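For reference, chains read A, B, C and D in written order, and residue numbers begin at 1 within each chain.
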Amino acid sequence: MNSFGVVFRVSIFGESHGPAIGAVIDGCPPGIALKADDFLPDLRRRQSGSRGTTKRHEPDMPEIISGVFQDFTTGAPITLITRNSDKISSDYDEFKKVPRPGHADYVSSVKYSGYSDMRGSGHFSGRITWGLVAAGVIAKKIAAGSEISAKLISAGGSENIEEALDKAIASNDTIGGIIECRVQNPPAGLGEPFFYSFESTLSHLIFSIPAIKGIEFGAGFAAAGMRGSVHNDPFVDINGKTATNNAGGINGGITNGNEIIFRTVVKPTSSTGADQTTFDFEEGKMTTLKVKGRHDTCIALRIPVIVESVTAIALADLMLIDRGIYGLRD
Amino acid sequence: MNSFGVVFRVSIFGESHGPAIGAVIDGCPPGIALKADDFLPDLRRRQSGSRGTTKRHEPDMPEIISGVFQDFTTGAPITLITRNSDKISSDYDEFKKVPRPGHADYVSSVKYSGYSDMRGSGHFSGRITWGLVAAGVIAKKIAAGSEISAKLISAGGSENIEEALDKAIASNDTIGGIIECRVQNPPAGLGEPFFYSFESTLSHLIFSIPAIKGIEFGAGFAAAGMRGSVHNDPFVDINGKTATNNAGGINGGITNGNEIIFRTVVKPTSSTGADQTTFDFEEGKMTTLKVKGRHDTCIALRIPVIVESVTAIALADLMLIDRGIYGLRD
Amino acid sequence: MNSFGVVFRVSIFGESHGPAIGAVIDGCPPGIALKADDFLPDLRRRQSGSRGTTKRHEPDMPEIISGVFQDFTTGAPITLITRNSDKISSDYDEFKKVPRPGHADYVSSVKYSGYSDMRGSGHFSGRITWGLVAAGVIAKKIAAGSEISAKLISAGGSENIEEALDKAIASNDTIGGIIECRVQNPPAGLGEPFFYSFESTLSHLIFSIPAIKGIEFGAGFAAAGMRGSVHNDPFVDINGKTATNNAGGINGGITNGNEIIFRTVVKPTSSTGADQTTFDFEEGKMTTLKVKGRHDTCIALRIPVIVESVTAIALADLMLIDRGIYGLRD
Amino acid sequence: MNSFGVVFRVSIFGESHGPAIGAVIDGCPPGIALKADDFLPDLRRRQSGSRGTTKRHEPDMPEIISGVFQDFTTGAPITLITRNSDKISSDYDEFKKVPRPGHADYVSSVKYSGYSDMRGSGHFSGRITWGLVAAGVIAKKIAAGSEISAKLISAGGSENIEEALDKAIASNDTIGGIIECRVQNPPAGLGEPFFYSFESTLSHLIFSIPAIKGIEFGAGFAAAGMRGSVHNDPFVDINGKTATNNAGGINGGITNGNEIIFRTVVKPTSSTGADQTTFDFEEGKMTTLKVKGRHDTCIALRIPVIVESVTAIALADLMLIDRGIYGLRD
């Protein structure tokens, strides 16, 4: 079930400590200029290295395996991989016995009957989002008329992100954050009623990003406390521009052409350096776990580019579905 | 794009003022006891009539068209319909000219080039959720080992729902609300990493419900302000029970067997009785719109059963996928 | 699994002796003129009544439940049903004990653990193809630039169909036949390499028609005895016209703009009037079965319109996929 | 559209002269023993090198990129690639101007607006079937209770294959052939009525193999000349064994537990060494084409293993769907 999309379809694969990770992108129109360098800016944004992120460093250079010829997409499926190199697998042996709280260690052993590759969290690693970002680079080219921009607007409950990082690092703990994403100049009419509503499609993809625990569009949860007369966004011109944007650019599951706005919450990194009291499944009793290894103080710092990527994937798929059913719009 | 699911697949169809609305449920195991009466309790919960809901009243009795024989499912696709009877279409003529703020009037005319049936909001009507509830009744039987329960926990920003309704009715306006849903005794191991994560699947379905603008799992948006050492849910026994439940029963996109908890926000009903200043697309200037017709003061009152229904649909599909790939678990 | 298609999606449902049968068509563009009468010519061609076909006679009038407003498609899913009226269910009781050779009686009891509705073959009845023909009427409108025409070219091994029917009726037995279908003026470029090749898509749909046991494109099985220099169709003009058409209009799984030609074989109706020695699963010994009831001497007589219908469905879906990915071609 | 399957899903990618070709297999159960060597026997059968096959020789060793850990499948998507090494791209330059009759040169330039990679036929190359065979090796392990065996039963219209090859080589021409595939001990109950019938699923996959132009099950096209009383396969024991097998082991689209038998026709290799008169799209006039390069006299020699592979893929997917919906059968 590692693929998503109706016409523009993305599959991702790989394990944190396996030979390579990657993505297959199917349904991409031919004739789009694309070369390996195009991936680097977004892939670098996803990378660790800055303050508050893990010391693990991967070059992450993409290899284009298929679907591109003479720097243009061909219409055939595009396959992108990158090799894993900076692996320290011994860190992870203990987690078979004492699953880390908040991690997928426990559920993966239940689901896969002990066969899952738990090195570096295996297929559950945030590293697998490399494929989402790579696919997003292509999707952004399809949705080029729109500008997609996500940023971390708070971390650790504070809008002062630097300060929040300082405190978390000082206490050897981790923090989460809230990311806001805006799409300017989106096409109107994207999304299908009910099961492929814009919100359905996008949230499906957003929750494919590890550590995301919530999403809200426009006024979001605050809408519960608003009157209809206030929440409703009145139209003000013939192009459907609205005076307010509590709907986040979406009515009835379909984009109305106004800016798309949504926020998403990233939980604190599970791999905290703080001691944790949890269950030892081998010994059958409680124990104290100290997670070693290299981890992010605030993984949310690395997620805005992934949010942009899946937003672009949603836009691209919905645009191609829309064009298929309704023809070109101008 | 009006279907969802990989193995247990639901399609919904119909317009508010068309001949009938309904659903097709495919991939349902044979041998499940099912008769028309089984649908009534949940369908009644979805119905209007109580204070704060529209005066439109439909009998909503389901007709089982296919897939059931001698009160058992046969394994063939199940089709359920109900006739629309209480229709007053003249209410809606004005909205072609002056699209109601917050409604799908504008986007549907853009998307469908003027061909959409706008009577009673047509295919965008909340009435189409009848099919979700009907499908949910069947899904609940598949997921019978779990108890799914949703309720409105606040309305109009207040936990005192009656009072909030009083005020909204007094001001001839509408209010939204927050619904919390809990699944007790869920199977562990449901959900596939990344694109069919439990959260992805469920949120996809939740955002298919009109008026929903946000969802959060477990601690949700509050997680952004928590430390990892606090947010992580320590395991306390061999069955994977956790001491806290900030993850809402889901790690790495997969259920861990603890209670599933999520909240979702319903915006205030768009059809407020208050005057609204908005654009007249025919005259090309601003105008004052007064929405007549029969509407809900707080549509959120009717949505808990729909939230339960789509939760059951998600559980059923993920259970059948899981059983297909991994075999029976016991 | 009762739906097919990527963008233009068809679901069919119903049992032979249930309340009604029907189809849901999703992904249909808005603005296509459509009224109930449009379905009648093709639905009548599917009907029985002529020599060699069953005496069961259903009016088969379609009711349009959704997706059409003021005689145009709206873009919402289109649901079509027709009531079953002329049912004589007592004919079928015996087949639970002695499954009819060549029928689905045995496999349906294995697959559905005894829960399947076996009256009139239930969901396995050829009657369910009503939905294919109904969907085909809409698909033909999408693929209106092409002319799709199928006919029975032989029956009972004879090109003299009337004579073959005479002999079969005289011996109280049944016969099969071969149907040839041609699509004139097809769009070039339809089909995706490998898994959605034109042949893959079409054969998938063709084998959804009960009683079909083979399909061949262009020269088909005869190609095995041809040299490459003979089988290859040389191009003769700038529009890609070919001098011969051994490929049946398809190269590399993609239409080349020449006439599409394929043939499909319909086995003899399983419900022969002749005595059959077969197994009694209740008594545990061989027995003689005499199938009563009303049946077709040559079901192949009624299948050309179904072949046309699924061909139109394949064309419509591939056209909308192609337009989605590659944009409008002119 | 380069993926197929509902639960067990296969995607293939690559171009003949690109960096690598491969496959992603999703929905594979964990705990299946799998190592690179397991792929070699079937991959070698697909290879060229024997008499009548091309001189191009690729080592074709698979690299397992993901989804396997310590020689067992993990439940995560399995990615397999192999590098292309023996490439002579200059052979193909002429075909942009003079598309080879019978090849995808023309349709790919139409469909992809000139952007397709035509070196070695690019994504249309038979070489891409490597991924089908690799996926088939895994599928065969899932369907291990059944024995799948395909062989070439005639070539060039002759059952004496060696003689047919001699003649074709002597005339510098190419020939096609007929492959028969049998599945012994198949599970009963596989396939879903109508759109996922066994024949629909299998034929969809079979026509994904380049050069296939027809398929027939059991008696196949000969059924058109048989009486129902002869074609029907009478049951002879409590396990559903039939006296004859004209249905090829499939009734109503569902396997009945008897041997599955089908035949498929492979057209003669398009790249014949004989001179061909065809159109020059640049000069706008007829010309004589002489295809150089290294090609197969009888590509059908290499296809039996691919037929087996896609048969295994169909079995695996239908088994996992069936187990998901109906539970374990014993």
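Everything that follows uses one rule, which is that a contact is a pair of C-beta atoms (placed from the backbone, for glycine too) under 8 Å apart; a residue touches a chain by one contact, two chains touch by 3 or more.
The shown structure was predicted, so the numbers you read here are calculated from the model rather than taken from an experiment.
Asker: Hop across touching chains from chain A and tell me the fewest hops that reach chain D.
Answerer: Minimum number of steps from chain A to chain D: 1.
Asker: If I rank A-C and A-B by number of C-beta contact pairs, which comes first?
Answerer: By the number of C-beta pairs in contact, the winner is A-B.
Asker: How big is the gap, in whole Å, between where the Cα atoms of chain A centre and where those of chain B centre?
Answerer: 25
Asker: Could you put a whole-Å number on the gap between the CA centroids of chain B and chain C?
Answerer: Roughly 36 Å, centre to centre.
Asker: Counting only Cα atoms for the centres, state how far chain A is from chain C in Å.
Answerer: 43
Asker: Listing for chain B: what residues touch at least two other chains?
Answerer: In chain B, residues 1-3, 6, 12, 27, 30, 75-76, 111-113, 123, 193, 321-322, 326 touch at least two other chains, as defined above.
Asker: Where on chain B does chain C make contact in their complex?
Answerer: Per the stated touch rule, the residues are 1-3, 9, 11-15, 18-22, 24, 26-27, 30-31, 63-67, 69, 72-79, 81, 111-113, 115-117, 119, 122-123.
Asker: What does chain C use to touch chain D in their complex?
Answerer: 1-4, 6, 12, 99-104, 106-108, 110-113, 121, 123-124, 128, 154-158, 168, 171, 173-178, 188-189, 192-197, 199-201, 203-208, 210, 212-221, 223-229, 231-238, 240, 242, 246-248, 251-257, 265-272, 274, 276-279, 281, 284, 286, 300, 321-322, 326
Asker: Tell me, which parts of chain B touch chain D in their complex?
Answerer: The touching residues are 6-7, 27-30, 75-76, 193, 320-328.
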